[in-house]
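Take a look at these structures.
Next come two complexes, and both contain chain A; in the first it sits with chain B, in the second with chain C.
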Partner chain A sequence: MKPMKPLFAALALTTALVLPGLAFAKPVTLTVTMNNYGGRGAYLAVYVTDPAGAYAGSLWMAGGKAKYYRHLSDWARFTGSDPAQVDGITGASVGSGQTLTLDMDLADALFDAGYTLHIDAAVEDMRDSPNEVSVPLTAAGAGQAVTGGRYIADFTYGF
Partner chain B sequence: MLRSLHRWPGLLAAVLLIVIALSGAALSVFPALDRLTQPSVIAGQSVADLAAVVQAAHPAVEQIRRAPSGRITAYWFDGDTPGAAVIDPQTGAELGSADARAVEGWLKSLHRALLLEDAGRLTVAVAAAVMLLMAVSGAMLVARRMGGWRHWFAPQRRGVSGRWHTLLARVGVAGLLVSSITGLFMVAATFSLTPDDAANPAFPNAVSGLAPLPAQELPALQAIPVADLRDLTFPVADDPTDAFAVTTATGSGYVDPGNGALLVWADNGPWQTAWEWAYLLHTGNGAALWGLILGLMVLTVPALAVTGALIWWRAWQSRPRLAGMVAADKAQTVILVASEGGTTWGFATTLAQALQTAGQSVHLAPLSSLSPERYRSANRVIMMAATWGDGDAPSSAKAALARLRAAKVPNGMELAILGFGDSSFPVYCGYALTLQDAARAKGWAMPLPLGKIDRQSAQDFARWGRDLGAHLGLDLSLNHQPQAPQTQALTLITRRDYASPEAPVAILRFAVPKTGLWARLKGQGFASFAPGDLLGILPEGSTLPRLYSLASGKKDGFVEIAVRQHVGGLCSNQLLSLPIGGQINAFLRANPGFQPDRSVAPLILIGAGTGIGPLAGFVRAEGSRRPVHLWFGARSAETDLLYAEELTAWQKDGRLDHLTCAFSRSTAPRRHVQDALRDDAEALRALVTHGARIMVCGGREMAQGVQAALADILAPLGLSPRSLKAEGRYAEDSY
Partner chain C sequence: MKLSLTLILLGSTLSAGAQTPMAPPPPTVQSQSVRDLGSPVLLVSEDDDEEAGWLSFGDDDSSGEDCDKDEEDCPTAGRGNAAPAGTVAPPANGLFGDGKAPKASTN
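Take a look at the complex of A and B:
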């Protein structure tokens, strides 16, 4: 899968977090490798929760039809399935065995501050798989692959 | 307009629609398959019971889904390994893989997106819109053709063009409407063009935090029957703040795992409810039998596409192609055609060629181009007008009437109108009559009475041609074959000869020729025929077929005609000298206007000479189910009493209730069949009072004599052959 460059990816994060941080943002590459799960393209919601476990903002939505967002059940619970949360940071669903690469600028303040990155996954006619990936954002964690669950083989973020 | 709307999008989208319809029909089988293979709903089982059953088998269960088709799937983890299976709600046992059937998945992708993504979905949506357009315009065309919506399921006449297309459409159109409307609705929802008001309750603010109870003890889950369940997601095992998420056909909510309280609930909005119905109606998931019925109805699409394309192709083929045609302002005769299916053009071309042969210059054009002031050299205009349904104008000629009303008719220009229609309709040749009224209002001279052609009758047309020829002082012989007949060789198997001195007669019986599968499917050729239908025989050395009324039907297992030898008659001479085993070239022409109706009312059959042929066939076929009375005229009992043996036998076995023979050349009493009718006037009146139907077959003079006799006989009842004909109780086949 081609790397994509969402122009204002970080803007989708809640303003309180992102605005002061924007000046101190760094380019980050997220890589999601899918299992050969053998179904149609997977919908993936990539989002961040704060140290208290509350929703902080979305980074990416793979999958264009808002009707299906409710199957990304944790994300949907946090956001009320609100498609506005992923306005402008939405791409195609990710097929079985494919790799999704995302380049984005993330606020420095997100790292080593108790924030956690989550990925929910769902595939038509297959199980919903919330929170497949749940990884604390730390400088030390960069470049270390984290294994997924049903659909995601592994996930890596790097600078 | 309606026709173009039906034709062009249909032809363009045909291949696409066939793919979508076939895949849809194939998909319709799966809900039925599920219905047969899945355990049925357990009466009284609640979601709490189901959750407990599944949890016993798979302690780490995360989610239970129940498809509208009834299939229950559970998802769990064994350590880090995700597991899933279709399960038995009774035992929790695994029944099979949770993965969607590969074939079904492939068909689904093909059906809704042509194996593509959004571009495919949109293409399919356009095709569905075309199908909706076709179904609506097609239904309107059928209603128009049948003479109104009330007659939607009225039987169609045999031999009508597009008969199969109409037949299939009448059966399938309901399914096509449902499929296309629900399909379009679902595409609209997929692209978020309709509001998404599916229940979406916010996660509750507080959960009790109590230690989880066993699933079967949770009151909120006990209150939901399994039949209503769509999805049950279990709380994360070690998270005391999590709750059960439950979704049913009507809404969704959260249930506290500690005390089983319904923490929050929201109902689906009307759009989601509509979507659920659209899904059920479109896929048959949850209504398997309906799904199969819909699948069958949708299977008409390929057949409709093919028969529709054939109708268009035939109309295209029968466009006018007239060699030696002159421009409109140079022609002595201008022939204007208002055709619906294109067949009228064939008649017009035959007329034009006959006029050309007689030395006339001719221009042939559609009636919609009418402009008499342009026809500077014309002595006459001939309008040939088909009628659509119950007296409407053919769609190609909708504007013609307005042009006629606005036209300036030059002095000395004559007009003749020939109407084409179906006499079984209440308004016969209605459009031609409308044209005649409009022309009369213009003061246009019409020296000939309006001609009428019943169901493309070549005989009617030839007769009208003779009248026109007589008026013009030309010898016009109009031998029109609506479609070049495909002949087959018939082999003579038996013959019975009647050596009538001046004019020998024979009853010839041929073997039924073999028909191919395609012909049988189309009902063409000798695949189906009945007494009263016409056998066209192409004698050697001639391209002009002669028509004989059939005395037998397909059920009889042979093809039988009665033939009288005419002096110098090419065909009759060849037939009368045909040896057993000899062959002639023949084709079949349906004659729906001369068939007994399906009632059990008495049948009065009147005929003379070889006219006995079809009447004998009717006795053979109908005699056992209704009273039949036959008046038969022959020259003498010794020479040409055709079917004498059978008539006696049928009287004995009860198929023929009453037989009167009239002999015109025997010793006294000499009488014609019409004289015999007058002698039996009382009996005839009694029969007609009891609803009898009259069928007359024989020479034209005899037929006229019979009509006159019956007019006198029926007058005391206030009836006449004409009034009976209007009721469909008097049919005549004369030659």
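Take a look at the complex of A and C:
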């Protein structure tokens, strides 16, 4: 048997290392439409809990001032308001009546496995609103609008 | 007659001079006071959304005030703000399939 040429061996190795990551990632779009609540920009924490209800991680933080994170009370309880949880996934707060669209590649393992996506919301001088959205991550749930509570009109995720 | 008028005028002048210490503050002091009173109004009108202090943010806050990062009882004390998207890699929490940061847009 002839030995494999080094170039092919390297190609096979890199393919084996890269493909599993691609195979287990799914492009997902999250869309959050805000009500016309009339206040200033809303802080939103988008995060996931596992089948046991434990915090699994954050997907996005809308709002850059960490000192206000404690008003996102469920997320704050899970994380201790730790800004490191949202390093690299933090953007601007979302204004009244605006729509926030998030495009990301999520692990396939999150879907149809008991994971739940949550959104906490808070607005200056208005009531805090933890867990405004709580939606199981399932393939069947894609494209189905979920009604929010105080500040969020609706939320949708799609592939 | 002229002497009487001169004495009256002189008396009035001295009397007015004696009251000078009781007079209102000089104009420069008044101007400073007006500037001091005006500053907060200017700051409020120039506030943008991110810079405003959320002093009475939400009803679930028993203290009614927000904390600064240098306060001891502040949960974010000693920790800065989160790094904005695009400046560092997203957290390795296993949720992001390829480690790429999400892309956000608002309209």
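Miscellaneous remarks
One rule holds in what follows: the second predicted complex is superposed on the first by the 136 of 159 C-alpha atoms of A that agree within 3 Å, B and C clash if a C-alpha of one lies under 4 Å from a C-alpha of the other, contacts with A are read in each partner's own complex, and residues count from 1 in each chain.
The definition used in the following text is that contacts are C-beta pairs under 8 Å (C-beta built on N, C-alpha and C of every residue); 3 or more make two chains touch, one makes a residue touch a chain.
Keep in mind it's a predicted model, so treat the numbers as computed, not measured.
Looking at the shared chain after the overlay, A:106 reaches chain C, while chain B stays out of its contact range. Contacts of A:125 after superposition on the shared chain: both chain B and chain C are touched. By the document's definition of touching, both partners, chain B and chain C, reach A:66. When chain A is checked against chain B and against chain C, the one touching more of its residues turns out to be C.
In the superposed model, A:86 makes contact with chain C only, not with chain B.
After overlaying the two complexes on the shared chain, residue contacts for A:149 are found with chain B alone; chain C is out of touch. Looking at the shared chain after the overlay, A:77 reaches chain B, while chain C stays out of its contact range. Chain A residues 40, 64-67, 70, 73, 76, 80-81, 83, 92, 125-128 lie at the interface with chain B in one structure and with chain C in the other. Chain A contributes residues 38-40, 64-67, 70, 73, 76-77, 80-81, 83, 92, 125-129, 149-150 to its touches with chain B in the complex. If you check the complex, the residues on chain C that touch chain A are 49-50, 52, 54, 56-61, 66-69, 74-76, 79-91, 93-98, 100-107.
Taken together, the chain B residues at the contact with chain A in this complex read 62-63, 65, 75, 77, 80, 82, 84, 98-100, 105, 109, 117-118, 189-192, 196, 198, 200, 202-203, 233, 245. Contact residues on chain A toward chain C in their complex (touch as defined above): 21-22, 24-26, 40-41, 48, 56-62, 64-71, 73, 76, 80-95, 98-108, 110, 122-128.
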